[in-house]
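Okay, so chain A shows up in both of these, paired with chain B first and chain C after.
What follows is the complex of A and B.
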């Protein structure tokens, strides 16, 4: 009896379809383009392994694409399956790019498809690409033979080096559904045959409304997250400039209610050292001057950026969230009406620790 | 009745610390933050504490009832309500405890089918589990207790993994504190009940505990352990998700695991979900053991044959429930019954017993 029981346990456990890595097409990148009101085009990029030719330089890998047009993710998938010799699988998906036209029309449906799929991880990078993602994935204009890996490393590198704020599937969905906060995605563009991260795409609900430049992106990053290790360039009078390294930023908010209108004070503390300075000499006096200019410049830039968001009636900084978490019985509708006219005071406090190792 | 159990089949009171969470921390933990937030929003972690504390009180009452009645619930029911009504209540109680095994197993099967093997049929997972459960339950209470130790250790490891998503937390989510009405907290607390059920199994395995009068502190200790685990999970979920996002996430715990990326394994949940199988097995075995023993005592059946019949019922009902909706409803109904059985019936039983005792003296 005992033996029979053990035998039965093993017998009942092997009845699923096998998924052998060699026999799957693992999608690494997907591009989604706008076609017309109803349809969109999806392009998936799958790596093709050519076998081991004795080195590890990655030359054995190229990528290939499959394209399909359809109205829902499901019939796109059916069309792709009909074009593919092997089973297509989403479990290694690393990047999904939406073309900017698509992003302007709203990407909630497609985004939801990926969020819903348990095979897709939460660290998936989403991004907006200016131009056709279909051409991007097919032509592979990159330094690496495999475009999808290039794209995910590109975004990752830009986040780690503090050009753009943290972004992935989780952050996108978190902000999309958070009250008093709007979401953003990395914005990519092809410049001189090379793909670059050129800033951040700002959304209102699930629709892209604007794209920030890289300079604006780092300021935006200072407002929404604490980090260290960034770089910032200050323009000085007489066409001089100084670059601040190892910049750390910490922002905090204060909310005061005046006659039913919230007034927000933003305190930003930054710290860094001067790494590059075009003029000479760099003495303590000059450092103080740079410090002062940096403070002024950041204050102006931040105010400008917040004004820009208020004019666009979108709140990616999450000022509404700051007010919400400090108010009992917060009313989202009322806040939306107030938002474009809310006063935001900006206090910047910078410390420049030293001017490098040479005098 | 309690005297008939041989000393070698009994366990030390210490093991109640595992037996209680072994039943409580089952499948409810995967999804409960979402249901909890329905009423009192991100304030509802307070509801976990309310339910946890009230469950501790219930455990204490259960011990009092059993001590007065000599440790045999069937006898207690018979003395309190008469032969037929008392027997019928006992029968309902065992039926209800039995339904746990179905709820846990079917929900876990659904998880496996959605996350790991989409084309694995329900009957094969259920069959494998039924055979395993038979193998364990037939060996008696000590084996079942052993399984619950496994369950507690594994669940503890899995929850400590929630340190992984720390990178993305936003503590401000919990603010403003206490922004809801008392009735909203109580409704949330009621939702939480499913996570704390299983204390009624004490009625059955009480005679199997050595020195039962010293056991109450271990039982409440186990309950507090469950409370802490739930509190940790719910706080982790609330600082990790935004309210709208949580409403869209069926199993917040798994989606939190999805963000964990280890150097040697890219996706943590593929490791954690199968490991959870041991936790599930403990719950299923405990429920089956308790109900088969209950039916045996009530109807003087043979426990082995009862067990086989119960397993057949679990197996066939599991296959019948097909959709998420049906499984959800099954969960809700069990929680609802459990709420009345545990938080209303037990205090009433205690009250009646107290009055009768006074009357007879």
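What follows is the complex of A and C.
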């Protein structure tokens, strides 16, 4: 037995492919651009280390790109390999951005490449970028010289603290393949030389059909996930406004069948406090008024957003999924036909806890 | 030369004295007691000359009768004995007795103990030093060591059975246990094993330790060695058996468990919460010490996806200029540390260790600046070397430092899988180990919750009313818990 173990030690020692971390070209970000009907262009961003033996770690990192055009991911990979001095490795991929033309054409083919690769993490951020991702990745942003880190931190920050609903590859693929649900991705744009998350790209199957603004995005976020720490601004009469902070939202759905046609009631409970108010006296009466206005405004906005989705014939909120889980014999085809005409009642219940520090 | 000259012993006293006279420090002189000529013989190096001259000689001169029996009564040495057997005479002379024999008479001798008592004073334990608590350590003299234990356990149940071991060294080995508490099986096992030892020269208790441990092919020590009398006494009260060896300042204690090697005796001197935390830290530091470098090598060689994004830049940057694969730099640094430790141990004083550590930092920094190793690895190796010194028992610290190397090679061969294969082998080995026939991994396996009270954690003394079941003590109760409660109720 012992001899066998020793023998195996030597026999199997060369079986595993060694991948020493500094001998790899680790892709950190990928951009995919639309070229024509058949071809697409992939740009990968890899970090370049100029550190003097790690003495000022993290500072000497910049990025460089490799670009290839082709019909399939394998094509492109072969071309990239021929341009690379080291073995290209996908394992630290953090961001994949699709050009908006590409997204409109459909991204399942490219997305699938990443989804199937076991080296690629499920927490990879996908996003849609308006413009050429090639140009984006070739630039070095001023805030963080390493572009992929900049992009992933930008998206992460907006998801955790602001208006963008939770999104990564796992969420994207789950919503893509789940019946009665459509998927979405963060939507990025270059505004005055700075990359900005401007909203949410809404998909129908794997094709982008619309992009929500930031204001619509927070409403959308309220509908699909429970969250805390949002911000919402209410316009009051007389050109006054109030800003609601630490907004938390919980949504629940009720489904009733009326003559084979589902009717959905959406209950939204939100909670927050007034952080900023442009008028001077903020008393309980005013708070109640703000509360009331907020309720009304949210009801209107939610109804508008759902109507928008119904007109686009896409269901990113997952109303179909709510119906599916509550009724027997749900049929996807039938639902798709019914969806644009489904009635959705919106009940919003808001609580404003206090008037901020000045209270 | 005669074929068996060594074991040949003279038959008559005269021939014995002839043989012994070959040594310059053996004295044979004529002496007259009450008008009769006597032979007086002794080793001057083994006898205390002051006692001999100031106490024995005056008495012998004053003696009025010349029969050995009457002389015995006249001298103030209660251990004096009259012996006829030549072999016994030889034995006693070699342990510091003085012989007296009537010239031209029979072989009958009077043997008077005038032993030279030379040993150093009881000092502070050097290896198991504790900041608080008793500061006595064992010394090389077995009688002093037994005294140190008896002083802490003044009960008649403390039994000391002595066995002589070593055909040349004739070392006194004392097996100590508390009768009525220690399991007879443990006592008999130890006695049996000590008696069975076939070796000519026993220099230290570690000889005995290696000769009687259950599996001598294991790098793990299976009997605890300590230089603290307080720890020995405390172990005896738990039902363990202690072995003291003449000439050795360390006692052997058994049966022991793996976790006991991570408990310092200081743990009992400070609050149970603090000592529990310290023990947990020690166990973690040992795990860190064994696995840290191996994990570094495995992750950098095979498992890039496991490196967190923010750490990646630091790691790659520090490795960028290094021409070797991770395994080479790791082995290089580990060997450097081992070298420094070994050199430090050979240097005469504690200053040597300080120089060793400083040297390590200097060499390490220079190696990083020369681009031979990455500074991330330097930190890991230095930390794991430091962590391996947190073990209170010196011997297990060595085991742990050497265990690193197999894991390092396994990590290079098969990555993390290799490390887990290594853990598998290690666990199987540890599970199979026994200490005096009792499982080594107790109370973890076999799981004995009642013994957890003094393992990785240490519960307060009020919860320690039971002796560890591991030892199968004859009397499992340390104190009566109900009674203890009652007295406190009255105080309230």
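Here is the rule we go by: the second predicted complex is superposed on the first by the 339 of 359 C-alpha atoms of A that agree within 3 Å, B and C clash if a C-alpha of one lies under 4 Å from a C-alpha of the other, contacts with A are read in each partner's own complex, and residues count from 1 in each chain.
As a convention for this text, a residue touches a chain if its C-beta (ideal position, glycine included) is under 8 Å from a C-beta of that chain, and two chains touch if they have at least 3 such contacts.
Only a predicted model underlies this, so the values are computations on that prediction, with no experimental measurement involved.
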First, second, both or neither for A:170, with chain B first and chain C second: first
Which of chain B and chain C A:328 touches, first, second, both or neither: first
Chain B versus chain C as contact partner of A:178, first or second or both or neither: first
First, second, both or neither for A:89, with chain B first and chain C second: second
Partner chain in contact with A:121 - chain B first, chain C second, else both or neither: both
Which of chain B and chain C A:354 touches, first, second, both or neither: neither
Chain B versus chain C as contact partner of A:207, first or second or both or neither: neither
Shared chain A contacts, counted only where both chain B and chain C touch the same residue: 9, 12-13, 16, 91, 121
In the complex with chain A, residue positions of chain C that touch it: 299-302, 304-305, 307, 309-310, 312-322, 325-326, 368-369, 371, 374-376, 413-415
Chain A - residues contacting chain B, complex: 2, 5, 8-9, 12-13, 15-17, 91, 112, 115, 118, 121-123, 170-171, 173-179, 181, 321-322, 325-329
Contact set on chain A toward chain C in their complex: 9, 12-13, 16, 18-22, 24, 26, 47, 49, 51, 53-55, 57-58, 60-61, 89, 91-92, 94, 119, 121, 146, 149, 152
Chain B to chain A touching residues, read off their complex: 114-115, 117, 119-121, 124, 127-128, 131-132, 134-135, 168, 172-173, 175-176, 179, 241-245, 247-248, 254-255, 258-259, 261, 266-267
